[in-house]
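Order of writing sets the chain letters: A, B, C, D and E. Residues in each chain are counted from 1.
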Amino acid sequence: MGGKRPRSFYFLAAFFTAYVLFLYGPMFAIYILSFQGPDGGLTFPMNGVSLVWFGKVFSGSGIVDIGASFKRSLQLGLVVMLLTVVLSVSAGLAFRRSFRGASFLFYVAIASLIMPSIITSLGIALEFRLLDDFIIKSGATSWTTAMGLFTSGLGAHLTWTLPFGLLIMFAIFNRFDGRLEEAARDLGATPWQTFRHVVLPIILPSVVGIGLFGFTLSWDELARSSQTIGSVNTLPLDLQGLTTTVTKPDIYALGTLTSAVSFLVIFVALVVILVLQARQRRHGSDAGKGMV
Amino acid sequence: MASPSSPSLRLAPSMKQHRKTFVAWLQAAPMMLVFALFFLLPLLFVTVVSAWDYNEYEMIPAFSLRGYSDTFEGCIAELPSLCTILKTYLNTLKLCLLTWALTLLIGFTVAYFLAFHVRSKTWQIVLTLLCTIPFWTSNVIRMIAWIPLLGRNGLVNRGLEGVGLIRQPLEWLLFSEFSVVLALVHLFTFFMVVPIFNSMIRIDKRLIEASYDAGATGWQTLLNVIIPLAKPGIVIGSIFVITIVMGDFVTIGVMGGQQIASAGKIIEARLNALQFPAAAANAVILLGVTILIISALTRVVDIRKEL
Amino acid sequence: SADPKVLRYLGTAVNEGDEISKKCLEDTGIKIEYITATTDDVTKRVITQPNSFDVLDTEYFSLKKLVPSGNIFALDAKKIKEFDNITPVFTKGQLPNGKKIGDQGTAPWKVLYLEGPNSKTFSKTPTEFVTLIPTVYNADTLGIRPDLIKRPISSWTELLNSEFKGKASILNIPSIGIMDAAMVVEATGQHTYTDKGNMTKAEIDLTMKIMTEAKKAGQFRAFWKDFNESVNLMASGETVIQSMWSPAVTKVRSMGIPCIFQPLKEGYRSWASGFCVSKAVSGPKLDWAYEFVNWYLSGWAGAYLNRQGYYSAVLSTAKANMTADEWGYWMEGKAAVSDIKAPDGTVLEKAGAKRDGGSYDDRMGAVACWNAVMDENDYMVRKWNEFIAA
Amino acid sequence: MTTTAALELVQLTKKYGGVTAVDAINLKIPAGSYCCLLGPSGCGKTSTLRMVAGHESVTSGDILVGPKNVTDLPPADRSTAMMFQSYALFPHLSVIDNVGFALKMKGVAKTARHAEARKLLDLVDMQAYAARLPGQLSGGQQQRVALARALITSPQILLLDEPLSALDPFLRLRMRAELKKLQRELGMTFIHVTHGQDEAMALADIVVLMNGGRIEQQGSPREIFNHPRTEFTARFIGGHNVIAVGAETFAVRVDRLALKTPSETVTGPSTAGTISEVEYQGTYVRVVIAIDGGSEISAQITETQFDTASYAVGERVLATWDPAQASLLNTTGSAIVRSPEKAA
Amino acid sequence: MTTTAALELVQLTKKYGGVTAVDAINLKIPAGSYCCLLGPSGCGKTSTLRMVAGHESVTSGDILVGPKNVTDLPPADRSTAMMFQSYALFPHLSVIDNVGFALKMKGVAKTARHAEARKLLDLVDMQAYAARLPGQLSGGQQQRVALARALITSPQILLLDEPLSALDPFLRLRMRAELKKLQRELGMTFIHVTHGQDEAMALADIVVLMNGGRIEQQGSPREIFNHPRTEFTARFIGGHNVIAVGAETFAVRVDRLALKTPSETVTGPSTAGTISEVEYQGTYVRVVIAIDGGSEISAQITETQFDTASYAVGERVLATWDPAQASLLNTTGSAIVRSPEKAA
């Protein structure tokens, strides 16, 4: 017994399923079309069925080195993720007390969200150009540019992910029970210990969520990167660059592979977690599993 | 014993306040720094450039409000019919409102399901990841995939024809306001789900029990307890969706078959024509308009109040 | 061995190719690093990040925008070995056989030369300071789906024919799109332009008015922005008639879908692209850049381009790298003797096929105008935005 | 008028994972009666209440409200209302809106429900705080608001989980009287969890004494106080000494214990020991005696008696009682305290 | 060894917006003494404790721990530890980790701190629950964990906010004894908020009675019980009837009140009334008498007396007392209950 579900559960579960199907809608077209025959295009009809496009992804042939840009995007995404989490949590903590400039920072974050990415991108590019000129003028003749994946590119991505991180922190800290922190301080915890041992563990799942969000935003970011990335492209930029010429279903194969690997990783993780939980079942409890 | 209440021993309350504020300030500083370097400074350049003059080929570093005045060209002369910029903003607002309403509805429901019906944290995480995976395939690719899905000969039309629901393929499925809103909803619903979900899991389950106990129906509980308590999440999600849609041009461009105007699209067209001052002026206008909307929103619900 | 000779090559994917960079490395020891971006992004990057590339692959009409930025290096014509062999289409505005071709718009020869090494002014007469070394060019027209249209098409007027309501498309790059529109307007006889590539405000208004009416009537299915979109629109049957690029037609056809790059009686809109060098390049890198350009014109690459349906700038060297059959099919309008293959070996056309539009002379000779940036560009962009908002 | 209903629990069981919180209890509470649930911390009182209210799923067994089996019904369909041990006040609503919440749900107009809510706030002495938010109240004030909120619903069965624990005795007495009055007037069935036997004694028609998830004894207050059946009951209900004499164990009320000096002669049963503690309790003095066997008993004597005898810690005494006033205890049966699973 | 410190509050005031919760109180608590804070709900006990602990900013006034003015110091620098009225257990930590938290912060190794924590869990009878999460505990169990967690720190001053309110009397008595023992052994200064006078009487060296943000009376338990100075004290401390005789008001202990039939003759002061309620209280019977003037008094009589006289509701009686055992009250001064700002 224990798990009697109310009717609304089934309705909502159906709704959620529908949402997921909707979310995956275009992905289904991608999954199917990635098996196009060698002469197939990006649209229906299917022109035979084959695995050639997967082969293309692995062989790395093509104008741009998708593998390399994939790696770059991954690296950038991970750094962005880390910084987004750290800076957002830190600023989120700051906002729980009031400090001078809180409103300013808040509106700057909002503005950064609003500003069309291409404009921000352009502004950053201009800024770095001025910087380069300045450096060259001050004598470094062999200097090429300060622009790059982890300078201007990183900055541009952060202006995109940080507002999200900060605002989600607001949701996380909303009605966070301050008495827990009081209790910790009372028990002799330093502010850092209070954060490390009380606040962080409680908000951790949400913070991981911010990281994931930050990574996804960076991974998919296009417009802000376009003028700030320097001489090497991120994956989306390369993919977009490819659309200016004959595009083949290998990009679909890339999408299918990404999904497949993600599914696999998540599935394995889930199995591991469930097994671990089953082992701990002895302390388990169905606490709070009320009728509501 | 030291003289107990000698005022010299006391720290001025303002000083104590200062110390606390200083720590908070330090915590916020890294983020402030990133914004200062990569947003405010560029924004400054953009604003300066927006007040520059320009000709067909290049920008001229001399003060001129041409970028602005050109933008509003005909707004007075053409009355009562609307000038381009107003028409465009109206259209953008319409798309924005539609998208907002839909993402809110769907996002709230999904978040509600995840927060209140999915009982274990593990499953919450798994389902959240399930919703994230599509985003790991680049949007460039996903956008292309709408054509085989919604196009004249796409999966949907084929399916409907196959079932016998329609004879002629539905043209409005693609390159229409419908498809724009569809794609926007598709992309941004998750931006609603995340903050709403986060504020929902903070709601003490006993409050919901108490509400049912007071004879409230499910709907009443939703309206009177869950929504008020999830309000900050709702507002944050709304900020995400509204700000992004207001500035969007990629999705509107691709899904609207490049035929639908939006505030972002004007800026893009100007930029691609390398008319930076005009583009910058338009961006400043967009920034102003959207900040107004957002500050109105945060006036209704102060999301920073209950931190 | 010395440091690897690396050149950062910024451009759209259109002219980039794995084979080209491999061959180049093999022949010259120069390693090409492609930076691929969309047309718009390429131009913006030149303005905003001149330090992020060495060699730029761009179109002539962009020069009107790029040169004033001061980020383009004036190349020394004397250091280009084949400069004098470049087809007179670029240098004189005529075919090799001496026939004058259309000069409306930003024709290459109008922006080919600068007045001095650091000048930002184009010279009307040849100088030794060259802005952009031509590599590729072509004549664009409408692509059609003969299987869905089922009748001959011979004029630009068909683009706005209500028969194709909801199935037509043009390019949404204002400066190019308006020229396609102008071709239509002129074809319908509503107006004759002095220079379609440099309209007056009144002409812009007129053109946009006609287009706006068509748009409101639902003539267009969508506008396209990049190569890929144009292929998808056509291949999926979303559109049956639209402005198009030659390789896009080839692509649709290679998917087994009938598609014709339809020659029209009013002629073609032409474009040409080539290499610029960034002003930030100096020292040995500059030498490599010259070396690279020289290699590019030396024939192998030209043949490679010709085989895709483009035209190469130095015909003689390209010809030396192609078979007679290929040369006959692509350049002389002759029926193919054996199967025609793309550079990657896939069969493009069966033996016996003839190229749409015929020979080089027929096609380039029928060019009516060139892609352009107008003097009234700013006004035109505003009107284009209005058109989109309508 | 409020309707009322009898409550019946049949073999009701609640397990949390491996922990049995409520263990197959059977209980019948007649309609309109006041039932007090008493028992040591962790014995399953809250769990029982939460199951009755429908906030906790039932592991096995049935709950009947009146003739209806509500075991699987949602809380709203059970005609019960609950006051939570942890209050569960709505943080976003003012005090008056918290109290008026149930009426709002019924669609009562604002003025009417505010008027009604004010009446209840008056009852719990919280009128003046109507506009405050719960976060701005003291612990006791929050408890009173929670009480008012539960009372406004007039359900068939009202479940109160330690409704008065955070109140000062002054207020507690008043609230107690109000609760009893309300119950009498409205005729509702009340189930009231409390830790105070005095509270249970004063209010209850039926006292249910729980221990380790089981019902140890139930009956009228006087019955339980005068006839504890087990050692646990005797000890828990308080005011009793459990004294083993030979194989038998007796419960003797502390105020029935007389202290004599070892030299005095005693008739009837007695036990000798040393005074280990003297506690001044206001109206009486509690004297704790360490019996020679090792256990402790206590005697409650009046201040006057104490002052006359002036017992001191360490002094030896003899405790005696009247056998007619002692209860013989059932020594088999329930254990005093059940341990949960051992910590892993 | 733990060190201890005296606590001194000087004109300590706390205002929440317009509400004065603590109103310029002055208090000296000698090092090593056990102080009980008593007072009606909302009188400012928690606020005072929170200010001492440093969780609430001081509006004005000073707090001295030993010789040090700690008013503006952060909580960690105050040598105080607090047990929260709302427990504030860390939801993500097991019971044993909650209790051992303070030691972990000090860098004590895991085995050592678990051993120490286990000792304290033993003390509060929660050993068996060591591995549970707080969410899996009953109310009283949570309270005991909170108590154990506060005790582990051995601070100079320990602040306990209603540490025993959710416990059954059985356990409460035991905990009370443990607290007293601990305080004696460690010599710490304890400040213990409670609602039970019995608790205060049993534990405290000093009882501080608060009312409406002020200190109403302070002193040793016996002093306060036998010599209430105000009507509020007399009423609050319980066991007293406040009876006005002419212009003077007296406090008379309920167990000092004798009931006579109206026909009997009385020497000394007396007042007549009607029996309005009879409450059976276990060891005694409480008889409530509505005095003719309108107020109510109550008399506590033994069961035997009650059974002999068998008073019934509605009967008229005469209440008398020995004037030597009554306290004359200071009728000016503090109001009984202060209202907060009127609801807006």
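Going forward, a residue touches a chain if its C-beta (ideal position, glycine included) is under 8 Å from a C-beta of that chain, and two chains touch if they have at least 3 such contacts.
Fair warning: this is a prediction, and the values are worked out from it, not measured in the lab.
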Exercise. Under the touch criterion given at the top, what is the topological distance in steps from chain C to chain E?
Worked result: 2
Problem set entry | Pair of chains joined by more contacts [C-beta pairs], A-E or A-C | A-C
For this session: Could you find the chain whose CA centre sits the greatest distance from that of chain D?
Result: C
For this session: Between chain A and chain E, tell me the centre distance in angstrom, where each centre is the average of that chain's C-alpha atoms.
Result: 55
Seminar exercise, completed: Taking each chain's mean CA coordinate, chain A and chain B are separated, in whole Å, by 16
Problem set entry | CA centroid of chain B to CA centroid of chain C, Å | 38
For this session: Return the distance between the CA-based centres of chain D and chain E, expressed in whole Å.
Result: 20
For this session: Identify all positions of chain E at which a residue touches two or more other chains, and write them in rising order.
Result: 86, 131-132, 136
Exercise. When you check chain B against every other chain, which residues touch at least two of them?
Worked result: 144, 147-148, 151, 153-154, 209, 212, 229, 271, 276
Exercise. So which bits of chain C are touching at least two other chains?
Worked result: 44, 228-229, 232, 236
Seminar exercise, completed: In their shared complex, chain B is touched by residues of chain A numbered 5, 8-9, 12-13, 15-16, 19-20, 22-30, 33, 42-45, 83, 86-88, 90-102, 105-120, 122-124, 126-127, 152, 155-156, 158-159, 162, 164, 166-168, 170-176, 191, 205-206, 208-209, 212-213, 216, 219-220, 222-223, 235-236, 239-240, 243, 247, 251-252, 254-255, 258-259, 262-263, 266, 270, 273-274, 277, 288-290, 292
For this session: Note which residues of chain B are touching chain A in the complex, please.
Result: 20-28, 30-32, 34-35, 37-43, 45-46, 49, 106, 109-110, 112-114, 116-117, 119, 121-122, 124-149, 151, 153-155, 158, 186, 189-191, 194-196, 198-199, 201-202, 205, 208-209, 212, 218, 229, 232-233, 236, 239-240, 243-244, 246-247, 249-250, 264, 267-268, 271, 276, 279-280, 283, 286-287, 290-291, 294-295, 303-304, 306-307
Problem set entry | chain D-touching residues of chain E, taken from the complex the two chains share | 16, 19, 38-42, 45-47, 85-86, 96, 125, 127-132, 136-141, 143-144, 161-162, 165-172, 195-198, 201-202, 221-222, 225, 235-236, 238-239, 253-255, 279-284, 300, 302, 337, 339-344
Problem set entry | Footprint of chain C on chain B - complex, ascending | 54-58, 70, 73, 84, 87-88, 91, 144, 147-148, 151-154, 171, 174-175, 253-254, 256-261, 265-266, 269-276, 278
For this session: Can you check the complex and tell me which residues of chain E touch chain A?
Result: 53-55, 74-76, 80-82, 84, 86, 88-93, 101-102, 104-106, 131-133, 135-136, 149, 153
